[in-house]
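Structures follow.
Two complexes are shown next, each including subunit A; its partner changes from subunit B in the first to subunit C in the second.
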Partner chain A sequence: MARWDMRERLVILVMLFTAALGMLAMLHGEPIPGDPVVYTADMNALLITAGMLIMILVGAYALPKRLDADPLLMTMMNFLCALGIFVQYSINPNSGLFHAGLYAVGSVLMVAVMSVARRVKTFRRWWLWIVAAAAVLLIIPLFRTVNNAHAHIPIQRNGDGLITMTIQPSEAVKIIFIVTLADMLSGHSWWPDTLAAVGFTLLCLALLVAEDDLGTCVLYAATALLMFFAATGSFSLLLTGVAGAGGAAAAVYKHTDKLKTRVAQWLNPFMRVQLDNGQMGLKGYQIAESLMALAAGGAHGLGYGIRDTFRYVPEYSNDFVFTVVCSQFGIVFALAVMAAYVVIIFRGMRVAGMARRRFHALMAIGATALLGAQTFVIIGGVINMFPLTGVTMPFVSQGGSSMLSCMALIGILQGAHARAGQDAREARALVEPDGGHASDAGAGWEARV
Partner chain B sequence: MKRVRRSARFLTALFAVMYLCLGIFFAYNVTVYSDRWFADPANPNIMHTDGVIPGSVFDKNGITLARSVESGDGGYTRVYADSADTRRAVSQLLGDTRGQVANGVESFMAAYLLGYRAGLTTRLTQLFSGEPRRGDNIRLTIDAMLCVYAAKRFPSGKSGAVVVLNYKTGEILAMVSLPNYDPASDKHDAGSYYNRATNVLYPPGSLFKLVTYAAALKEIDGVSSRTFDCDGRFTVDQLSVVEANGLKHGSLTLRRALEQSCNTTFARLALEMGYAAIERQARAFGFNETVLFRDLVVKDSKYPTTSQTLDDLAQSAYGQGRVEATPLEMALVAAAIANNGTMMEPKLLDRASPTETGGLPVGSSVYRKALDDSRALIIKEAMVAAVQAGTASGAAIEGYRVGGKTGSAEVSSDKKVPTHAWFTGFIDDPEHPLAICVLVEGGGSGSSVAAPLARDILREAIRLND
Partner chain C sequence: MTKPIYDALALTLSYLFMALGVGIALCGAAWARSERGPRGSAAAASGAEAVGYLRLSRGVSKRLSKKELYYVPVEGTVGSGRACDVQLPSAEVPGKAARLTLTQAGMLLSPVGGGSVRVNGADYRASVLLDEDTQIEWGSLAFQLYLYDGAKELAAARPTPPLSDGVAEREEPSPRRLFRIKRGSPLNAAAADDKYESGGPDDPGEGPEESGGPDND
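Right, the complex of A and B next:
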């Protein structure tokens, strides 16, 4: 404890934030019958808050100590998850509870992924089986139609036969995709492996296009491109990829109406047009409602739990959750949320730089690139920086598949981090037999000395 | 491995730049546009105000223009001013929450009225007291009595607009559009939902000579000392520029040309300067700009330069052809000239506060420097001369130095169609720094219709101010 400890300050800040939101969430309990002013304290909110506070401490202290996890990465993820749980709770207590449950399952999944990712060095002999499994997972939903796309498998229906819950296999395949691509690109042998990587990427992209899930397709393409770039270090490859993506977008724009509509809505969301029902309406209804709601929040927001402003925003618990964050917490806080994602990206790339093996470095780059691209695409779409693409906002949006896959991505990063620490320790042990403490090797907090 | 490490560093930088752009785009757009997003008439938060009691709107003297009263069923309804004359005079300025009138105070300032701009303490008090949320009350810079007078004095049966503003502070004292409607009744005349002062574009006619004058003073050296020759007709290409009523002004200076509103002189100046020079000055006055005022939405006035014929250029010098402006914009031109070239941002909101009388006044801000002091002074003196001895003599007020410019804008090549009567001007008086613009659609001549109307309204404004 020689120096001023950044970790403590940040952890205290995140815990205070969580506790404050928890207290406000408790205020939103049911009114006592006959007395509309006095509310019962909300026990669910209390439990969630307590659990979350413990998890923040575990993530910042226990996991780094026992499993060599990166405490800053953990704390940032826990901050965003706490935000997600309480934002969902303010929209609807039931979906808040569901989100908290997902977080609990996701935490276990994350630790599991972490320990596997730490141990595995390659799984070359299983490639064929894994590629086949990914293809099957992506093919299954092709036979189902949910929300005009073929990207979901319905698993639960209500009494009227309406679909109430679905699984999105492309979320699970994200993990397989990154890990497999990292192994294929880690240079066991140049030609067959690179060919396999290109083939696997094209297969996934083609199936996602067939699923009509363009948002996810864009994310896969961006992730693959950045991983190929990282493996080769070739800027001309990166530029070619960007140009190719632009060409593909132009071709899609020319031949389908979907993208044309999106672009037109992006340019003039507030324009009045005649709707199908004959009435006048807003051209970019979704975007315009989103901008109106986030404008209502102003700089410091309307306050946690104020629901009036965003109830007209479509998909407000999912794609447009950033709008809810803006309207409740304000623009300044929304910028801080962006900053939290940036910290995760910086941390993830730092793990990639620390890694001693290509496989782990590429895996970390892939996971970071996917998280970074996904957040960028959805926030940029919601604030109308570019045409909207429907993907989820990591850790905050409602949606089980997405929440679990994002936490698994953090698991990959943590696994690469632990591996790097272990490799560094082993290397040092070879040089100086009594060196290498478990506590400082690979611990990612510079201020700790 | 070295390659991978280098790539990771590069990708870190790439993401940093991407997110920096995201943050800057977000912060910039929210700062500049969020009031407009919120005030869009389609915003459901303005139309469905359940759970909030919208605040009241007062004029500068505390006359209630709109308030919320409890209706029988526990909800609230909006009630407007007590006198029907007041309700009608400020009808489009105040607007509504049903999206009939574009961007009236009721919708454009809804963020205040519905409490979205309330401070933290107000909000916490409301949260814990259990009382229904109450929006802020707002006080406008408008003088309702002046609006009533302007609406009554306006030629009966005519359409048009009147804008009176304080050129030192930008405060709008009156903004009246005719025909108007009574928000308390269901009936309304055709076109009465339009705010003609801000949302309708008209050919500005000879008022635009002020802009051409300002451009000429800058672009042509020694133009003030030159003399021009007017024989009542000047043929450009296909077009013959003629004077109103077939007059011949003979030999005259530029200042006298403004005083007498000589078309041929200004057409000659425009041909001498070219489109670009006039466009620069027009832009400085706010033409061809996307105008973003904090308190009101104004249609953008236009000085088109796409068709480059000499005929068009000559006509544009005296505001015909395709030049279009709102009455508010022309009021701002006169205001900038009166205020030594500095255009203040027009302002409607005096203060907003949770209580009836509290709150601090919102400060004034400079919108832009439209022209430099020396040129402003020259044009100001020419406008004063136009009132003392020229076409605008109908606007003279005993005991005050008034400057002005009249316009009779043609809207059809058929000479039988009456022209729009325009007047824009100011009182050169530190006690009453008022600028005015009057437009009477199809009113005939600016000198005989608009100038006396402006004189009476300014006189009333002085009386009310004393």
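Right, the complex of A and C next:
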């Protein structure tokens, strides 16, 4: 029997997983008239499966070869995307198809971001425009109210005038935020650049608080703190930032009813209280239902496609998609999914450590921190480790803006990886015995970003 | 399909997905572990473009730690001021003490603002070429310079120092090499192969660049 290397083993396992899920998804076909047993195969599921298998191979072999992408990052991302697509498909086939479409668009976006990230060294001259664009993107939703918050812009309504599709500008600003902060913190002029970075961070956080998008605000704050710490290595700055964030959180808690409610639900999700409609109900209805559905899955899950346990959980395709994963596939599988996120985070930190330029190192740290914080916040909220905030589970939750921004974050990581590989090759060229290319190759290192 | 067969199949599939999920996580973790990057990635980001670092070797200061590395870039200023590229926050270090430049001959230290700098116990007012492990002193504090692997190779692509312009040179060639190859540093990929390690007695590249010439003022 041929010995497979790690990449082949992982790719085979991910392809097996995708193919098995795809086969089960195909059973969602319509019954053939007159025959209660035989169902038609769901051709959409077949197409999605074939597409995913091709993308897994492209991500593991073609992109690393052509664009110097990291095959492990690509494969783990594709595993989570395949899980997301088929989980959404099991909830609602249309939603699964939409998620698959987003994955296709996101893949193109990821390659585009990667190509830009590996080439760009700085964009200092455009800082003002970029900050202005980010501010405008965060200000626009302030004038619209969707789901009791000002974080979305409605882009589609049905015949009854109900909003059916929205975009969340703060997801696009995530990318701008990380790249701009990395550029500001990688400059030589420590004092003015750091002041600019602090100002930009505070502006974004203030606008997010105004939008009532506290979950995203937490993600931005955690990412900014880690990036500042990585850029300066100063524990005192980190502690000051943590203290400032704690103070701001206390102030928001004091003046916001929504946060108080969330904390109360977190502390006593099963407490019975009188609801607004006069009936008795659970205080933390969302969390309580989620915990019950999560436990119902047991160790190995109830099976793909079974929706009985989580149908009473609100937002189960979005915020509570981890509950669906636990319910259908079990706790052990859910732990494996969490391990996949951990691998992505460790890999991102490795990319940051490999980078020869501060700009790329900081971008990689920012992207990794954001992905890690988002995963931690939503999974921790779903299992009631801390108060629930409305953020999505990367690559799995329904949500176009989130899916695209997460794939763009992977594009940033891949761009930094490709740049590090290129710099390492140039560095090796410096020590070639002929030394003929020394000065050309050295220029790559020498250039200050 | 009868119900028992269906139940058995469903249970098998449940375990299959569980096994696949665990297998994917373990394979991914094993792969990540086999290609582990440098330790302390977050700290490395602040020195991602460094060619070496300074480390406090003697003296006590409230804001300086002997455990902390003060990364040295290819070119930059040293001082206690926040605008300096290598910031040594101590009252004993001038706001802008000196300028460090990696040249073909090695790391050049040039005092700025008409001041002097004490290197290995001798005061210099002119530029001085630093050897690795050199002690640079300000007041009661002494910092030791360490240079990464690959710094020598990087230096080869740098401009020649203005030797005629007040650089303090040693009169007699030193038998010590300019750079010592060290492992485990961010730039060590450049000099990973043993064949690139300098320092053999017949290495044509090693040389007389060590500086000297105390100023005696």
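The working rule: the second predicted complex is superposed on the first by the 426 of 449 C-alpha atoms of A that agree within 3 Å, B and C clash if a C-alpha of one lies under 4 Å from a C-alpha of the other, contacts with A are read in each partner's own complex, and residues count from 1 in each chain.
The rule we apply is simple: a contact is a pair of C-beta atoms (placed from the backbone, for glycine too) under 8 Å apart; a residue touches a chain by one contact, two chains touch by 3 or more.
As the structure is a prediction and not an experimental result, all values here were calculated from the model.
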Return fit or clash for subunit B versus subunit C, each positioned on subunit A through the superposition. clash
First (subunit B), second (subunit C), both or neither touched by A:7: second
Quick one: classify A:303 as touching subunit B (first), subunit C (second), both or neither. both
With the two complexes superposed on chain A, say which partner A:257 touches: subunit B (first), subunit C (second), both, or neither. neither
By the touch definition at the top of the document, which applies to A:160: first (subunit B), second (subunit C), both, or neither? neither
Output check: A:20 vs subunit B and subunit C. Expected answer is one of first, second, both, neither. What do you get? second
More residues of subunit A are touched by which chain, subunit B or subunit C? C
Quick one: classify A:76 as touching subunit B (first), subunit C (second), both or neither. second
Looking at A:380 after the superposition, I want to know if it touches subunit B, subunit C, both of them or none. Which is it: first, second, both, neither? first
Scan A:276 for contacts with subunit B and subunit C and give back first, second, both or neither. neither
Kindly classify A:336 by the partners it touches after superposition: subunit B alone (first), subunit C alone (second), both, or neither? second
On subunit A, positions contacted by subunit B and by subunit C: 37, 226, 229-233, 300, 302-303, 335, 342, 346, 349-350, 352-353, 355-356, 358, 361-362, 365
Residues of subunit A defined as touching subunit B within the complex: 36-37, 226, 229-233, 270, 272, 281-282, 288-289, 291-296, 298, 300, 302-303, 308-309, 312, 331, 334-335, 338, 341-342, 345-346, 349-350, 352-353, 355-356, 358, 361-362, 364-365, 368-369, 372, 376, 379-380, 383-385
Which of the residues in subunit C end up touching subunit A in this complex? 1, 10-11, 13-18, 20-32, 34-46, 48-49, 68, 74, 76, 82-85, 87, 150, 153-154, 156-158, 186-187, 189-191, 193, 196
Partner subunit A, residues of subunit B touching it in the complex: 1, 3-9, 11-12, 15-16, 18-19, 21-23, 25-27, 29-30, 33-35, 37-38, 40, 42-45, 51-52, 111, 116-117, 120, 123, 127, 130
Subunit C-facing residues of subunit A, complex: 6-7, 9-10, 13-14, 16-17, 20-21, 24, 37, 72, 75-76, 79, 188-191, 226, 229-233, 299-304, 329-330, 332-333, 335-337, 339-340, 342-343, 346-347, 349-358, 360-362, 365, 424, 427-428, 430-431, 435, 438-439, 441-443, 445-446, 448-449
